[in-house]
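Right after this note come the structures.
In the two assemblies presented below, subunit A is common to both, partnered first by subunit B and then by subunit C.
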Partner chain A sequence: MSANAMEIRDPPGPPQTAPTATEPLLAVAGLRTHFFTRYGIIRAVDGVTFNVGEGEIVGLVGESGSGKTMTSLSILRLVPLPAGRIVAGSIRFRGRDLLQLSEAEMRAVRGKQISMILQDPLTSLNPVYTIGNQVAESFLFHRDPATTRRDIASRVIEVLRRVRIPAAERLVRAYPHQFSGGMRQRVCAAIAIASRPALLIADEPTTALDVTIQAQFLQLLKRLRSEANLSIIYITHDLGVVARLCTRVIVMYAGRVIESGPVRAIYKSPGHPYTRALMKSVPRLGDRHERLFQIDGQPPYLMNMPPGCAFRPRCPNAQAICGQELPPDMPLGEGHAAACWFAGPRPAAGREGA
Partner chain B sequence: MSNSVSPATPTSVTERRRIGRAGAWLRLLRRLPVIPGVILLAVLLAAVFAPWLAPHDQDVFDLAASLKPPAWMADGSIDHLLGTDNMGRDIWSRIIFGARISLLVGFLAVGLAGTVGTILGLLAAYFEGWIDALIMRLVDIQMSVPSILLALILSAAIGPGLTTVILVIMIVYWTYYARLVRSEVLSVKTRDFVALARIVGCRDGRILFRHILPNVINSIVVLATVQLGTVIIFEATLSFLGLGVQPPTPAWGSMLADGRTYISTAWWLSVFPGIAIMLTVLSMNLFGDWLRVRWDPKRRQL
Partner chain C sequence: MPLLEVSGLTKHFPEPRGFAFWRTAGAVRAVDDVSFAIDEGSTFGLVGESGCGKTTLSRLILLLQQPTSGTIRFAGRDVATLRDPRTEYRRVVQAVFQDPYSSLNPRMTIGDLIAEPLIVHRVLAGQAAQRRVAELLEFVGLNPDTRKRYPHEFSGGQRQRVAIARALAVGPKFVVFDEPVSALDVSIRAQILNLLVNIQREFKLTYLLIAHDLAVVEHVSEICGVMYLGKMMEICPSVELARKSMHPYTQALIASVPVADPDVPEPEIVTGEAPSPLHPPPGCRFHTRCRFTVPLCRTQEPPLREVEARHWVACHLAGQVGTAPTQTAPSA
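What follows is the complex of A and B.
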């Protein structure tokens, strides 16, 4: 899927509202979400800082357990209780710190201003209700008292049209099991955008879809972005998708952001050895190698993290200092930084063109 | 399948149609619980229309006609179809009236137990932690108390009667619902649509009753149907022990008990109420099995 990333890439599209002097839509700073278990503290998110501007699509990349999903659940303040807790940091959304809101205020933010699409469309919809019913629910919660039942019905059909569901009038009465995976994910997208949120968090929404449906769905997300000036945080471990969709990338490893920057800069000259290794592990068509590239070793166990850089045990060019001190963010260019003592614009071996 | 008939075994069109029709009936019988349905309907009608259906008053003594055998035996008369008991009361009429108690206790007690158990099971599974521990330990304790002992204690405390029977059954049977609902909710609540409901901004109450409960209601209904039979037997047991509905109101269990001193001379006193219990419970179990096959989430995927 990543092999043809370059061909399908769209022209830059509508001009990006860059996160400039005005405050960005979402500003996460120093976020720490820890899990307090019987056996010790798991630092799932350990000091994450990033911004999302209006109308921007940001890719959040990292392997399983790197804290991507926990970061997004923290933004919605839905960290699994009772073990999980946000212990430090701030999440400023439209000028308000979400961590300071009451639970009732937070419920008004969820769904209405920030919504989410989950990975598996097969379990994301309730099997006992019709599609129309489930889309209508997001209207029911955040409506002004004047809306009637008929208003809601017509808005349900309208929003299903916006996610390009054919014959929406008929399909509102269908049940989830009558839909294919791609269609179900569209319904999920409809539910997510129904109340016109400003920020959409998409947690690997195409992982369960096959490649052609995946391409369609990405197109849909792009259109929704430009139609509704929607900002999207796109969580994935698929670098090809990131290249096609996103304007900026945030790479996470072991609960920390290790590199962030514009897509072009990162694909051209990844600064962190982990990012470089990630790009090398993308299989490519026409490669004659017998074995696919892999990063040696295991991701660290979050319970007892080594001091210093979390990637050091697997890093090909680790030095003494890496095991002693946490590397700071090294600026590498316009909005591009990597947390590595030896971050440098080293070309990613044979991955140019993106 | 009929078009796979080989030319070597010629069958006429009419014959094939006849087989087809009989096959259709067989298939219907297999697919729908016709016989249990008819029996249950009869019991239900008997309970509702008992005063009009019963040929005699259910508790008028007629000592001159006591211990009359059923109609088809030498001494029997068509007036008392299933004979009379030691007080000369018509057994057929008392069985018809007895259906009222059995069904009333069955539905009411199962309904109450189901409601209580379902709510507690939902809460336990959804909130986990100490709520779960508390409720499930309560279930464990309840399940270790002998139900007959509980019935004896309760009827000693508040006196025997219909209320006692229903209370005892509720206290004994809610635990099954709590366990079933808890286990199902534990799996349903991890599914993404529950997480999405929370993301959309639902409160806990709405998630529990609007999103999770409809996904487990099938299993609850199936358990309730299967339990109806058990509960009716339990009610009969309590009536047999004299802890249930008090005489002269007829209940199948107490009729059985009353007849046991005459079992060697007048078997019909105990046998017919016993058959009534057996047929009703058997029908309910068959009906419940049918529902389970249709609704069980494990087989529903077919």
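What follows is the complex of A and C.
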């Protein structure tokens, strides 16, 4: 059994068969996922540490290339081969380090205990199989031998009802193209929760949806979380979605976590200049300005990372030390920390207009 | 005086029945009896969800598609009467599209891409064209030395700057922006939106800005229109959008936009999905999802009428149902 294997690996500490109250559901520590290319090493994830507690919805925020998707793929050990490799760190899930598991053990975790919803529901569903078939696949793959075909059929309908698909008995025979975008994403959610996972990773699941449909889908996720005590890692660049959905936020920039904390703390008193600038640069409805606040420059190219803080070239408060040493996580309050030498309330990076 | 005036514009796409494509079963009414005007030097923002007809409307204005009926008047002239090949109209009306990855030819250098419209429209050639390219690159915030490089060497935001320079090259009067920032990163969006405002002032341009992001439209445009299933539901000054919108659909749309503030309570959201534009519901097209539906809404289509000064609404109950949306963003 895996529990025994784990005790052999971790002899010190209290004897444990289940995660203790103090241990979070998922604890990622010092994770580094690098890509080894002809032209050099791309440090897509470079020393990422964070926890996800039971029943928490954690928002992983960042721009394209900040490493948020690679972090989630690393958790599932689905980093693209052969270039990508997890070179350091640990990912403890329910008391076991996922990076130490064999591929067979990992397959029992993937899709069963940790599942994923992707951005584009059309490409993540197979066009030639019925919806019912694709949901049933999850039950068939992680089956315990006692289940019969009839059991599975009724469980497929039950899980489709849980994601609020109307007339589920009839629609199990439908194909993905017969569904709208919002309904397809519900089917993806049904597949993801079919095996009653403890952790769901949602990678920009509403980016392809219209706002009214997005609002409905966010409501569904919240309901699933409270019904099933599901923990969710929600990857997005939309600060509005995070504010509506998440309990905690992790802000990533150039492969590193630059700030993390409870959602209120991040929005009300952001500590990192990048977070502050990001909050200010988003146009808000009902708050019309002549000019938008803008962050100049661009995110760094991951192959040629500047030494020290990755945000330094765009930061207005940068000092000499920022270009020399990587800033440590500065504690700012209960569970709130920012990786900046001068973390704290200061003017945001950027300027009003151009 | 309006630079662009659209009245009763309609575009139906026939739906083929079965294999016999010449027999039609009905029509997708992509744009249905839409009227509005854009004043010279101002920006008209067009919002709506996917499939509402906003892109078809822009394609009609760009003369990329023939309208089924209705007229488009540009600078007082009906564009249908323009003599082919309409080169002059195509010079003064330019467009910037959503995806700067597919709108730039990957085999042409940045300099050639920007010079191409100059040569096609015989505006400038040779050294003069090259000087103009350098000026334009500088104006959109790119180093003129980048003209020898190819699109793949640029980020999304930089490519969108190239697309903007290309549209500006031939000295347009009117520019259509179809989702110009939705493919860009959050920190880059503000840069491009500010650039659009700068360009408008500098060259005294008139804009049609299409976006699904209400906040973007509110910030950049003076007047905005909201479309649903091919119909214009509301036209109002952008400053009134968030707090004084009157159409229940506009209000539902605003309530659905998540506010970047964890203290704002979750508003009541609209249920159901938009019906197929092939079979739009009778009466008001929004009545199947509307909270305020009365029997009249199911049978009679409400006309777009001016309920207040410069505020048009296509709703039987406009002015009667709650005008304040359930959620308003707090002012900073």
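The criterion applied here is as follows: the second predicted complex is superposed on the first by the 318 of 354 C-alpha atoms of A that agree within 3 Å, B and C clash if a C-alpha of one lies under 4 Å from a C-alpha of the other, contacts with A are read in each partner's own complex, and residues count from 1 in each chain.
Here, a contact is a pair of C-beta atoms (placed from the backbone, for glycine too) under 8 Å apart; a residue touches a chain by one contact, two chains touch by 3 or more.
Everything numeric here is computed off the predicted structure, so don't read it as measured data.
Bringing the complexes onto one copy of subunit A puts subunit B beside subunit C with no clash. Of the two partner chains placed around the shared chain by superposition, subunit C is the only one that A:Arg264 touches, whereas subunit B remains out of contact. Touch criterion not met for A:Asp329: it reaches neither subunit B nor subunit C. When the two structures are aligned on the shared chain, A:Leu239 is found in touch with subunit C, with no touch to subunit B. Contacts of A:Leu125 after superposition on the shared chain: subunit B is touched, whereas subunit C is not.
In the superposed three-chain model, the partner touching more residues of subunit A is C, compared with the other of subunit B and subunit C. Of the two partner chains placed by superposition, A:Glu23 touches none, neither subunit B nor subunit C. When the two complexes are overlaid on their common chain A, residue A:Gln294 makes contact with subunit C while staying clear of subunit B. For the pair subunit B and subunit C, the least inter-chain C-alpha distance in the overlaid model is 6 Å. Interface residues of subunit C, counted against subunit A in their complex, comprise 49-50, 141, 155, 157, 185-191, 193-195, 197-198, 212-216, 218-219, 238-239, 241-243, 252-264, 266, 269-271, 273-274, 328-332.
Subunit A meets subunit B in the complex at residues 76, 78, 82, 107-108, 110-112, 115-116, 118-120, 123-129, 137-138, 141-142, 188, 191.
Contact residues of subunit B toward subunit A in the complex are 129, 191-193, 195-203, 211, 214-215. Remark: subunit A residues 63-64, 180-183, 210-216, 218-219, 237-245, 263-264, 267, 277-279, 281-289, 291-296, 298-299, 353-354 touch subunit C in the complex.
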